[in-house]
């Protein structure tokens, strides 16, 4: 169930069966010469919808903009400042809490979001922890990266080994190819496996990773592998969600 | 062209031909008993993509969350505070300006966004107007509501007359039916044409408009009318965009 | 009644008869070669005081600074950022709500304030809409531009027709001449009717409108016309206020 | 010269002779049973205009709202949060600095503003102190309370001795009586000299000072004493301003 | 008692005897050629611990960073913006208030903090003063500078007379020498007594006070004088604290 | 070298040899019945000073307050909101960058800080990444937890095995016992090994972990083990710092 495609009476009915919602969060940022700018949002959204079906869970609108300051050296990348993203997540959670939602399962497609999303959870909790007397209904937030389960990690290892890398990875590119086969790109990757390393701001990132990839050979991606990764992620996350939402 | 489905070198190439981008902005809020919660985002996104094709323009990711505080009395509605939405729009514009984008055409699906989006433009401009010496490249922002053109207004009048109303209107519902025919809902609307009036906060809104609609008979919507509205809006806005982007 | 000229026991007594207050809001910004920098604040304040007398309403202190970023290319203009103005209006409303005021009628003298003031209302309402359980006393805010009524529009049309323009208009200059006859200025306006058009930031504004006026021939202003405009505005707004405050 | 009553070319001309401006700042808060709510703004504005004439100085619009949180227990009092007032003062100074103003002389009518105004100066300076390389034109801000000079202190002592107190003082009430003779109020003050002491928030203040006055016998005020205080303050501050503006 | 060296059950026990806490606040900023960068934090912390022992009071962790924008022209100086320091103090007070603390005695080592700390108190109080209905337990904040008492002022006068100055004073340097005898520095001070005057931002400060001192001959400091100053300050402040905490 | 115990000319000299600084960051929060409230700050500070000596590195003042919202159910715990901590870290880095520091090595003692400190780094970088043209000197920030190295992990495993847990761990308590032998506490821990699990806000935390510990048997701590942990951590981190600072 997508929240966007329901009416409010349908949401009201859903709330009688569950207090949990899945919120896909991605990013809009360069993913190298053949990865799509929307890769992280597409992965999060695609898998979230699969999980929604598998677990009869409501899926909210995709937060397509994330914390991507390090990618701003490449055209088309958009970043929210951490402070902005914290405000966005706070407003989402507070809005839905108004209606009785109590569990917020953020399905994440972007490693760069992890710290800021966690900080946002703390900001939300802090408002409640600092509030003197009242004991408001408990809110529970969780961040789950789509690639996080043992099954998906295993599959990635089998498929790509060391060429998976950490940005513009063949696994995430594969999922976008599965989701948007009409948007498969090709370009010569030189070197095939991109350099590894760390980075600070956008200028430093571009200096270290001239075509945008980190340690990845995106060209190994195929839509078929994307389908397998999608299925593995949906199965693992649906199981996790079901348990967490009931816990 | 959807930004999400391009690579950064493709965006780099686009920037050699145009400095403009279309940014759909909607809201996630109740639209009465048969209107979808995603109505405003769906309308903005659907029409923006049509305009993108018609005008060879780049279309950014949809800002699916808007200023919807007055709808928070209905389950599923999510609102950004105005101050949060201003920060989001500032970050989007500043990110894209970093790459050479200079014109930002926000295609809007939600009347409740208008004031805050305009204030956000002023916040963005103010940073430049207050900056002492430098003369940075000029940024130009525009807000265009999808229903704003004479042609669309005329068509709405023909189709629905007074039953169009101002929230959960048959015209916006029709566009979502055209875009998502599998998600067409039905329910008894009582009264068929909802009351009119003004509102302040969420409690006041729900008191005045018990099922969420304002002045509208959403049940008049049809997917076929949605197609006609879509086509009229795309044609009008593509023409406006072309002229504005070149101006 | 001006709040500034009352004591707190007098305000306490007023609150037993009314929960409404008029708050004039203007701007401090260039108004062309003969318009005063305080034009918008003077118009709002002068008319608000007239309305206060006509409707036995309390009139708060004038918010003399508004959102005027586009005028910062001209000496003497002062702008609040939209985010600052939102904070100011929130603090005003929350302060007065503390004492039992429930209706806030902002009488506005500056078109550039409209979006930000509306966003401020939403920010104020949002705090209440997001608050979970409590049902606090309803607050109601309204923005009324002094030039907004049919009667005033008609009079402006008769007096100035197309030469009214949209900034440094003869009508607003006339009201300041009526209010401050000792401060009537004269200068050669070239061309008499200023160019029309749109603008973004301060540099863009000054480029497009070299002497600060937009579409207006300020030289047509006379104190006598100012008196007529004042009277028409006071009558129309007092009627509107009375009805709204009682509604 | 009042900024509000000048045109921008007149301000441009002024800037060729001086880079300094006087900015009156007051508050809108209870001043006991006979003191006006606008007392602090009226004192600051009245004296600032006198100084403007005496010293050929430009006088900006009065900041009529100050930091008055402790007075919120009394109807009609309006407070800006310190963080809001800091933002307002920053925007004022940055706006005027854009045109070449370099010296900002805040003429203050409210003791409760002193800490926040000083913090605002530091916030403004901090932005410059933290800016890496550039050496922007130096800005210089000063806070001057109207009652601060030796001459005024001496006169207050002569006039009221210990009955001056520290809030709703006969000296400030006298100045408002001189400025607005039509708004002179009377009421029985019981006790004639109000209690002294300290306070924290609004509830604490009202508990300690039931009619709003601190240590003052406001009833000793006369318009004639107001005139003398006004003249003494104008003379002392005009001398200080001249020296400071030239320094 | 240092909070840092207690367990939470010990704090719980303390709260059964007192609702007050001492919070040392200093700064991290240049103190001339022989004064330590930590001077203000060291003075506040050292004296606070003495007061804690003398008055059986709990002493919180030292806020070692203060408002020091004017010192940023000298290596090693760190400043919080006033708005940041206000947020820090608000979070500290709100955290401790959560556990039942009601009295917050800030023992200050830095003149530059005074305005911002006072503004922070007002920001904290304002949140309560603006809150409509509830009457939360009263919070009471106090700022006490270590040098503020008559006894300490007298001793400083005896020891240093005019050579005390106002920054990098021999008295504060002496206290650090008493506290950290291993970190006593020496350097030629030229001139021995530094110039006096005012300042705005960091560039202005460095221009006016080339070696960082204002009006002080830091070289007069001795650890023995430091001990005497320490003892005088502890005695005076412990007495003040005891009375205030019990009041 | 402690920054607090140097003069500014000594810092200036240091900057000729290194652009790096170590900044200890901890927290002020409950650590169970026998752990000190200052545990995290003490561990970070103690080890940072050891590293400073071992690596000839400058050590800044300890940030003793961290993100500890979940501990606010226990007396004495103080939390900064994530947004406040981000502002503090930004101000620290920007202040020191003003003098030529380019590398900021945050030595962390509190797991709850990790996400927010990382978000703060991104906020700092984002300001630079969003800045249009200029290429400012590169800043590099690193977060290093004291327990993070293989050597320390190995030692902890040997010493405590599963009884290490994750809050109020015997290893961190041991380090505080080594650092402050006079403040060693004892109390009956029941059960000896605390429960494990997750938490959200302060109420949830206290419900799940009644005495504040998570999975730890703090009573296993000894000052001698603290010394060994200290030495292992200093050695590992000094090596890491040297390489990073030179990289």
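Note that the chains are named A, B, C, D, E and F in the order they appear, and that numbering of residues resets to 1 at the start of each chain.
Here, contacts are C-beta pairs under 8 Å (C-beta built on N, C-alpha and C of every residue); 3 or more make two chains touch, one makes a residue touch a chain.
Owing to the predicted nature of the structure, the values given are computational and were not obtained by experimental measurement.
The minimum number of touch steps linking subunit B to subunit F comes to 1. Both copies, subunit A and subunit F, contribute mostly matching positions to the interface they share, with over half of the numbers common to the two.
Here the CA centre of subunit C is 46 Å from the CA centre of subunit E. Chain geometry summary: the mean Cα position of subunit C and that of subunit F are 53 Å apart.
Rounded to whole angstrom, the centroid-to-centroid distance between subunit B and subunit C, based on C-alpha atoms, equals 29 Å.
Residues of subunit A in contact with at least two other chains: 72, 79, 81, 83, 91, 95, 98, 129-130, 202.
Chain pairs that touch one another are A-B, A-C, A-E, A-F, B-C, B-D, B-F, C-D, C-E, D-E, D-F, E-F. For subunit A in complex with subunit C, the residues that touch the partner chain are 91, 94-95, 97-98, 136. Within the complex formed with subunit D, the subunit B residues making contact are 129-130, 132. Against subunit D, in their complex, subunit C makes its touches with residues 2-12, 15, 28, 30-38, 41-42, 60-65, 72, 74-81, 83-84, 87-88, 90-92, 95-96, 98-100, 180, 183, 185, 187, 202, 212. Considering their complex, residues 67, 69-70, 72-73, 79, 81-83, 86, 112, 114-116, 118-123, 125-126, 128-130, 135, 138-141, 200-204 of subunit D touch subunit E.
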